[in-house]
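In the two complexes that follow, chain A is the common piece, with chain B as its partner first and chain C second.
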Partner chain A sequence: MTAVDLPRNHLATRRSSLDLVLRARELGIVLALAALVAVTTISNPRFLSGQSIRDILLGTAILAVLAVGQAVVVITRNIDLSVGSVLGLSAFTVGTLLRDHPGLPVIGALLIGAAVGGVCGAVNGVLVRYGNVPALVVTLGTLYVVRGITYFWAGGQQINADELPGGFLDFGNATLLGIPYLVLIALLVLVITGVVLRSYRVGRELYAMGSSPQAARLAGISVGRRTIGAFGVSGALAGLAGVLFAARFGTIDAAAGTGYELNVVAAVVVGGVAVFGGSGSVWGAALGALLLTTIGSSLAVLEINQFWQQAIVGGLILLAIGADRLVAARVAATLKKRGSHVH
Partner chain B sequence: MSTDRLGRFANWNVAIIAVTVVVLIVAAATVDNFGTAQNFGFLILDLLPIALVALPMTLVIVTGEIDLSVASTLGLSSAVMGYLWNQNQPIETIIPLCLLLGAVLGAINGFFVTVLGLPSLAVTIGTLALYRGLAFVVLGDGAVADFPALYTDWVTGNIGGTSIPNVLIIIVVLAAVFGVVLHATPVGRAVFAIGTSEQAARFAGVRPGRVKFWLYVVSGLVSGLAGVLWTLRYSSARADNGAGLELAVVAAVLLGGVSIFGGKGALPGVIAGVVLLASLQNALRLSDVSNEALNVVTGVLLIVSVLAPNLANAVRSSLQRRRHRPEPL
Partner chain C sequence: MGEAPLLRLREVSKSFGAVAAVQNVSLDLYGGEAHALVGENGAGKSTLVKLLAGVHRPDSGTVELDGNPVELNGPADAKAAGIAVIYQEPTLFPDLSVAENIAMGRPPLGRFKTVDRTAMIRQAGELFKRLGVSIDPNRPARGLSIADQQLVEIAKALSAQARVVVMDEPTAALTGVEVERLFAVARSLRDDGAALVFISHRFEEITALCERVTIMRDGKHVSTDLLSEISVDEMVRRMVGRELGALFPKQQVDPGAVVLSVDGLSRDPVFADVSFEVRAGEIVALAGLVGSGRSEVVQSIFGVDPRDAGTVKVLGKTLKPGSPRQAMAAGVALVPEDRRQQGLLMELSIERNVTLPRSRALSQLGFLTGSSERRSAKEWTERLKTKYARLSDEVGTLSGGNQQKVVLAKWLSMAPKLLIVDEPTRGIDVGTKAEVHRLMSSLAAEGVAVLMVSSELPEVLGMADRVLVMREGRLVAELDRDRATEESVMFAAMGQEVSL
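Showing the complex of A and B:
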């Protein structure tokens, strides 16, 4: 998916060459995944057992929902560092509600979680839009504010699995045609967001804003409203991820999701969403989430020190943005060369 | 326009210093034990890492970049210090090595930002994770204690007979050096020029890449020093030392009137910002507010410090527009 939607008719060849370069990223992740799985399986065949694959898929589902929301924000040339804290607040809110009202249906829990997150996201968006403050600063601030509110509220207590209604915990484990519900929800979020970003006006406007905010404004796009909307989506998905987190783990304390923002940003950047905005896709972000989760699992299977996980996340971020820079330079050079023929 | 901007900027500096003084007076009057000599020592020790790291951070932000990896550099420096001490290395070689390590970590940031031309935000989020991860790889989740009393006593001790902590000397000397460099040397003027317009600075003969690279090296070096002092203060080397400190540092710098967009800021304001943040935290902690709730205060202060000048500007310009607008028909 490209930053600028070039006219299709006389630029078909240019498009295809651009697509090739950009698809190389997704192909690269798939190849890296295949290599990782192959090496890990050879050293320990247990890695490809049903339980291990299930764990990876469940972990990916939560990270992918967060990554999809983050991708929407990053595409508009912003960033949302508060997602880990929003996940924690949503998980604790839903956990408390379910403990006190065991009759609450699962769909209700999902909606409430998404609503809590959506409110947090909208606050971020309003501060970025009307305060004219960089998203980095706002969301770094709300990262600590939201986490602090959760700690304040929890006051050291935690919600245990035996306090949650059985129906909710079943939802975390149950499958439909062999696929866990959590994974189905993540796929649903992924497909809807992916299609909206690719084929709907709102989606293209987000890319336009990320490519050039000034040009987008001149083109009549209501940049402010779209910014708030993008943060709202990111927050709502982080809230939804909080409910999935609660359903999967059953035990929730105020620290739930601490530090997730690094994994999420890594997944998005590794997945080929450029931090300068305007390019990348949620598919890539989801692949990035799958790769990161698989790395975590294979470290455990290969009996490598778990502490390497965070260092690898950091290394991957640097590798990915470095690769982005090289690709961007290559694409710019290609466009310049071809552009001289056209004009 | 420029004198107007200068005036507004001075206003912010004066305002932040005034607010700091008011907070200090109110805290001394209302919070038990805040105004004691013993608490003064704790306050200085508490603000030591924030104050040290805020100095190079000010210069980095004035050039329009950011360094979010400082707390992780501090942690890695502390972890390596503990690791080497466990290997029975003498402390006299460990400390220079940790400072060197900090400078190298800063140079890595500088390389990615200036040589590869990558956005500093993304680079330093990456190294934030990388350096902290390496700290855990080096030391695991254990702690190393029993550093030589000669050093730990100096860090927590006072200047002979007075109640002025020794570490205040380090803060004052470094603050003076950074203040002079920023406000009275060609380097400082280059820093402001880069932050105002990198292109114009380049045409004026400044090499933005080189200046930024060395700023990152200095930022890493000072963070490494902060790691050493942190370790000695608590006599405990841990991989998670200083986690989250980047928030307090960025908040203090922005509170001090430095523009996140670069090109504007002054060191006296930053010092006031550091003192304001640290004394608020100190006073709240004395009033039995938990650490997590303190993070709420820091987060809110960070947002307010960037929001307030922008809102003031918006109100001012809307008032001006109203004054100049012809009467509606």
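Showing the complex of A and C:
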């Protein structure tokens, strides 16, 4: 405990280097993305054609909406595995409604989808909160339950593009100033969630809960309500993604979105959201979604066997977790040195 | 003190199941005064703190603030009432910045109700300035020393404008300089009119900081006095004053050859330079406060925990550090403190648990045969009078006392030369306790050397031939059976002179 104060500029440089380390995560994804695009484009210039970029962006939009919701849950030290099934249920609900009531406006479809998902998410949250069961188990259960309900309801039937109103399908393809509506919606979701998490009390409390559940309770945060809220958001966004899915593909059966949950979790983890909660951002999660989608297209363009895609995604997850551990160790070492000093 | 108390507890009680943790305790706290709360481990201090913190709700009784009854239904209520609690283990959010930790719950809001980070950091800076410390408000809480974390907790209390500040053993993990700094801060809080509650096992700290002291024992209020009117001797007497029952059938045994010899055992920073011997037929107790390093010493002897320096010899044979297998081969058995975590496999059957350490010896051609397992398990569980329906029942279905017997059976079936027991009777009923004691005594009579870690003074005094007292990682006293009294052990454990 020395009485020596560090020179101000010394402290400042240390701080900025620390911030750089913390920000390096998002930077790393951007660099990986740039390298991937560069290599693919050199090999096949058509990779940067309008259609190809459009496909990547549309795919990313749906995955990113799911990833943003998932990030909200993971930040609170939980996980939501039911998002793929919720997407399926929402897509099928909205598809059926639109087939039977072609006059339903697009905004109505979006709200209904989000509401269906929100209810599923709230159920998850209530089970986690009051059942005192880990989220992994609860949402694994609802993954099957929700999918089962969708299969039961749909029977073997499928909703085809020609049964859906033209206005809805146009919404899936139309653009505003050259940007597809789906991408705009995803950006809107991203920005709103990002700002709430970063700058609003509710958002900061979600980080606090994930960082130390016990301390959160002692700090007087209503942990139960926030948990249910986080799952509600994840569910609602999965429901919204279901509507986007329906608009993009036009063909919906009971299997829509099967297996999406793992892509979503992968995007979140690659995007630098800590699986033990308390840190990470939705921006990272969205970048993760963009990277994973780009890898998919890029491998197709490079004519690499698509089975490799899974191995590459797996490798990326391990790399991301490894990088996290490394960064955490570095940061811890830096912080240890910066104790307090008596004036 | 002519004025009315700031906070008043009236006859509060709190039970957990059949255990009455706090019974009819009344306490008056005055602004501008530091109030010490003392008592043995398990006297109910921590439960009382949790009642004040709103973590637990009292079963009966009331809490009054400024003469008005208040309901503390959760930590948020206590916070709103101006009660701040600083726990022994600080409760911070490691991923969030120090400033955010302080502001959590009531952050300063700016435009559009967003959290105003600039104001938050400025406020944290002002608080640290007032406390006379320089912690960077921008840094994450992760990696702060315990002392700094406690200062952040105090800053939290200041920012909430707490009028009642409760500190639950805040100095346990601090060095001398850090304690001084904490006390300076505590005094200035008190001088600004806050009511301070200070829990500590160190009398020199209590007398240095507090004006008044309340003594608790077995969940009950014993006395409240001005510190100027009560001696340390009297406090200790009131803390421990209870009858020694006939629970302790220790037979007189002439000690034999040295079985365990420990020389200069150290493990930074938990304990240092611990040396002692245990002879055949002897029961030696390792006493001291929770956290004084007793369990760590025995774990290090057994090889579960590493050691930095020193030697351990069993019957003249030096044990390698970090090798429980070798310790077992040399005839050492350790019955750990937490049987659920370390002693038993709850899902396995009673017989499997009993025979686990010897599964190799009992197997034939590498296969465990059910019959040899059953025979051995039956012998030992009968000797210990364990109550169970079938040997094939899961251990988890037994009562706590019977589980403890299964743990003992497991190790005794190895015929150890040295038996180490850590809190052998924690959480078991009086009858079973007596049986466990009788068993330890008869083992000693058979020539087994017994080393016992215990926080229960009556058990220590009733069972041990010699009492070793640890304090803050060091062996501070060795007391023979006739010199060991409740007072002398407590004095040594708390760092006072042994006055006999």
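Going forward, the second predicted complex is superposed on the first by the 321 of 343 C-alpha atoms of A that agree within 3 Å, B and C clash if a C-alpha of one lies under 4 Å from a C-alpha of the other, contacts with A are read in each partner's own complex, and residues count from 1 in each chain.
Rule of thumb we're sticking to: contacts are C-beta pairs under 8 Å (C-beta built on N, C-alpha and C of every residue); 3 or more make two chains touch, one makes a residue touch a chain.
This one's a predicted model, so the numbers in the text were calculated from it and none came from an experiment.
S.K.: Using the superposition on chain A described above, determine whether A:S298 touches chain B (first), chain C (second), both, or neither.
M.R.: neither
S.K.: Tell me the contact category for A:E205 with respect to chain B and chain C: first, second, both or neither.
M.R.: second
S.K.: Return first, second, both or neither, reflecting whether A:T227 touches chain B, chain C, both chains, or no partner chain.
M.R.: Neither chain B nor chain C is touched by A:T227.
S.K.: In the superposed arrangement, which partner chain does A:S52 touch: chain B (first), chain C (second), both, or neither?
M.R.: neither
S.K.: Considering only the touch criterion stated at the top, classify A:S279 as touching first (chain B), second (chain C), both, or neither.
M.R.: Only chain C; A:S279 stays clear of chain B.
S.K.: Pick one for A:Q214: touches chain B only (first), chain C only (second), both, or neither.
M.R.: second
S.K.: Should A:Q70 be classified as contacting the first partner (chain B), the second (chain C), both, or neither?
M.R.: neither
S.K.: Would you sort A:S90 into first (chain B), second (chain C), both or neither based on which partner it touches?
M.R.: A:S90 contacts neither chain B nor chain C.
S.K.: Shared contact residues on chain A, chain B side and chain C side combined as an intersection?
M.R.: Common to the two interfaces on chain A: nothing.
S.K.: Under the stated contact criterion, what part of chain A meets chain B in this complex?
M.R.: 79, 127, 131-134, 136-138, 140-145, 147-149, 151-152, 254, 262, 265-266, 269, 275-276, 305, 307-315, 317-318, 321-322, 325
S.K.: Spell out the part of chain B that touches chain A in their complex, as residue ranges.
M.R.: 66, 112, 116-119, 121-123, 125-134, 136-137, 140-141, 239, 244, 247, 250-251, 254, 260-261, 290, 292-296, 298-300, 302-303, 306-307, 310-311, 314
S.K.: Which part of chain C faces chain A closely enough to touch in the complex?
M.R.: The contact residues of chain C facing chain A are 53, 55, 74-80, 85, 87, 91-96, 100, 104-105, 107, 109, 113-115, 132-136, 138-140, 142-145, 147-148, 151, 177-178, 181.
S.K.: Which positions of chain A touch chain C when the two form their complex?
M.R.: Residue positions touching the partner: 1, 5, 11, 15, 18, 195, 199-201, 204-205, 207-208, 210-212, 214-222, 274, 278-279, 331-332, 335-336, 338-343.
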